[in-house]
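For reference, chains read A, B and C in written order, and residue numbers begin at 1 within each chain.
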Amino acid sequence: MLASLEGAVTAATLALTAMGLSLVFGVMRVVNVAHGEFYMLGAVIAWFVSTTLGTHPAIGFVGALIVAPVLVGLLAAAADRLILARINYDPERTIVATIGLLYILQQSTLMTFGPDARPVEPPFNSRIALPWWRQGENGLEMFYPWGLATTSYKLFIIVAAVAILIGLWVLLTRTRIGLVMRATQADREMATAFGIPVERVYAMVFGLGAGLAALGAVLIVPVQQAHYLMGADPLLLSFIVVIIGGLGSLPGTIIAALLIGMSDGIISVFFSPTLAKILATLVVAMVLVFRPQGLLGKASA
Amino acid sequence: MTAATRDAALHLGVLTLLAGLWFVLPTYHSGNLARIMVLAVYAMGYNLLFGYTGLLSLGHALFFAAGMYGLAIAMQQGGWSAAPGFLAGLIAALVVSGVAGALALRTTGVAFMIVTLMFAQAGYLTVLYFGAITRGDEGFVIPQAARSLAGIDLTTPANRYFAALILFGAVFLGLAWLVRSPFGRTLIAIRENEARAKMLGYDTHAYKLRAVILSGTISGASGAAYALLFGYAGATFATVQYSIFPLLWVLLGGAGTTIGPLIGAIFMFYLIDLASGVTDAYMLIAGVVLVLLTLFAPQGLAGTLRNRVWPWLP
Amino acid sequence: MTLLSTRNLTKRYAGVLANEAINFDLPQGQIRALIGPNGAGKSTFVGMLSGRIPTTSGSVTFDGKDISALPAHARIALGIAYTFQITSVFAGLSVHENVALAARRRLGRDGAAVDAKVADSLSRVGLADRATQIAGDLSYGHQRILEIAMGLAQDPRLFILDEPTQGLAESEIADFKTLIRSLGGATTILLIEHNMSVVMETAEAITVLSNGTVLADGTPAQIRADPAVQAAYLGTADA
């Protein structure tokens, strides 16, 4: 049970991060290998903002929640204009270029932020014991088992992630921006013919995708710590989620994030984390080999 | 001069130059060059698949590490001598690339890149998982006494340099011949237009699988030689970074040219060597070079030379 | 003797029938034209013969052997050559190498035989003086002719050409007719063609496809006189 609460926290941030990757792949048909570094930048910027503001942790946190995704999104949009647009989003060259971007972002952070892990204080953090039920003398009774406790902040992560995902869903389905994005996804040529500024849409989508990763990181950084190498795991997990959910499918991404996030917590309780990672990696590779439409996708005719 | 003699002159000239450099270079640089020649073998193996067959793998560290640990574990745990140890490394790489290739080749394009990346990641984690034997990131040393071949001590700088040169030369000449052979030309045809090659009656899947296995085994030979000549095996060599390196070398030197991998390995080795003297963040230079290459010189150094100056460059 | 035949060959794309139960027999040595309005299913049909397009049901027999389960490359190896409707040469390689790749699959490592075959194939289509050019630099018409040379270099028993004269100049079309007639007898030819003068002057027999089924089969004279064909096709053809 505790594992699954931890799992829900993982799933919540993973859903945000993976959603960014999935959105970029869905609309632009490119794989962004530097996605994990945008996540890492989100956490590092959160540390800079909260130490600069330096007053109450809550002020720093709110500041980071706004500043980090915006800065990261702008940086990503700039990278899109300067690099990806110039190689015309060729799928293979994009991967090579984003590998380059990965090292540039990661190593620049090492030069400025340094090699140490640094904590960010949560805005609020009270311990909450959660009730559970058991069969007692008078039927079902409620009790507070040892260990089944979480913090208010962790619950907040879950709530916030759900709220952001709902917001994203509204953006994609109910607004003009969403319509333009979906039109571009469906047919780039046609979208251009209808006067949609495809280049600006691509930059925006790339920025939005990176911003979502940064948001996920800002939410999780008070629980973890900011470190220049922290991008690797979210990148791998996001890959797993996006592949299992079916490349580019947004609902599939959310379901897969829940599945992986929850199971990641559960699996690592039973296996050594290394063995769990080996199995997860191989399973994902096999999904791509034998079911490229994703576990949740429909087989094409 | 016919094309064949010009090719032969170029390749033998490069090998003569490398042999001559031993006598003029200071110790520090000839040591570096020995290392570079072994790594260039890795790059040449990668180039066969990426440059000639058109398959972009992001997981070649798996094959390099298979060769490295095949030799190192056979020698360290099994007490084997160098020659059978080297063979164990080759066989390990052959088997691993056969299995990984058969599975990964069911996919194409971006999926192929991700699947190979995942396989290599699983390989790296496997090295960590068996930390009792591999000692993980820390790695282990192969006893100096065992590192000799046919009575020749491979730990002295001169012997090490020429052993590296012999391996490099064999693979360099072998691949130069291979890419001009009917087999190599079929690989190039697959790179250019796989659907057409298939409709000329070539079993393109079988050709690609052979290319993966050959490429993986050459990469494994490099890994095994690295462990043998420099006496060390560690998990670092199985990381994603070591899958990116051959891509970087080949892109920089020129994909699909016989000389490109060596040029790329030399440039990148010294760039990183210089950068690491200045900062811990030396991989920054690798990132910048990757981005600049994709943007401005996708043909690499030798490829650009071939396009602009010497169209005959093999 | 029948070289190629199909029984109930059917292709369905997401529920839409592109080819329905096609029975087709091609005698050894014949030059056969396959005609029909756009969308009649001609390319789908030859795609299934060569193995490029998987069949939904039915069988293909080549030289007495059921080849329905064979992958494309294995069918080509039996002696079928196929030229693409949309030009598909190795754009980055030389004209010589394009044809050599076609010849080498059969002639193997015998370099001299390959070179002789390449020279012969290129001179038959009139591209001999362009052997060293990069295929991608050729004009569209020359790329189409190069495709034909690649087919010739395979010494096929069955040569399938999908709209080979599309995009060719009048003089090139005349040369093409001569070339096809010179191949007749030794090579069995299946020609998808829109140009009626090419069809009428080269084909010994014609099969008409319409809406995915065989509408008529016969000699050029019979087909010309067939009222059903006239109604379905010739009356509306632009040729």
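The criterion applied here is as follows: a residue touches a chain if its C-beta (ideal position, glycine included) is under 8 Å from a C-beta of that chain, and two chains touch if they have at least 3 such contacts.
Everything numeric in this text was worked out from a predicted model, so none of it was measured.
Closest chain to the protein centre (all Cα atoms averaged), using per-chain Cα means: B.
By number of C-beta pairs in contact, A-B leads over the other of B-C and A-B. Separating the centre of chain A from that of chain C, both taken as means of CA atoms, is a distance of 52 Å.
Annotation: 43 Å between the Cα-based centres of chain B and chain C.
Centre-to-centre separation between chain A and chain B, using Cα means, comes to 35 Å.
Residue ranges of chain B in contact with chain A, taken from their complex: 56, 58, 103-104, 106-107, 109-111, 113-115, 118-119, 121-122, 125-126, 128-129, 244, 247, 251, 279-284, 286-291, 293-295, 298.
Against chain C, the residues of chain B that register as touching in their complex are 182, 185-186, 188-189, 192-193, 195-204.
On the chain C side of its complex with chain B, the touching residues are 50, 52, 71-74, 76-77, 82, 84, 88-93, 97, 100-102, 104-106, 108-109, 150, 154. By the touch rule above, chain A contacts chain B in their complex via residues 31, 83, 86-87, 91-93, 95-97, 99-108, 110-111, 115, 236, 239, 243, 272, 274-275, 277-278, 281-282, 284-286, 288-290, 292.
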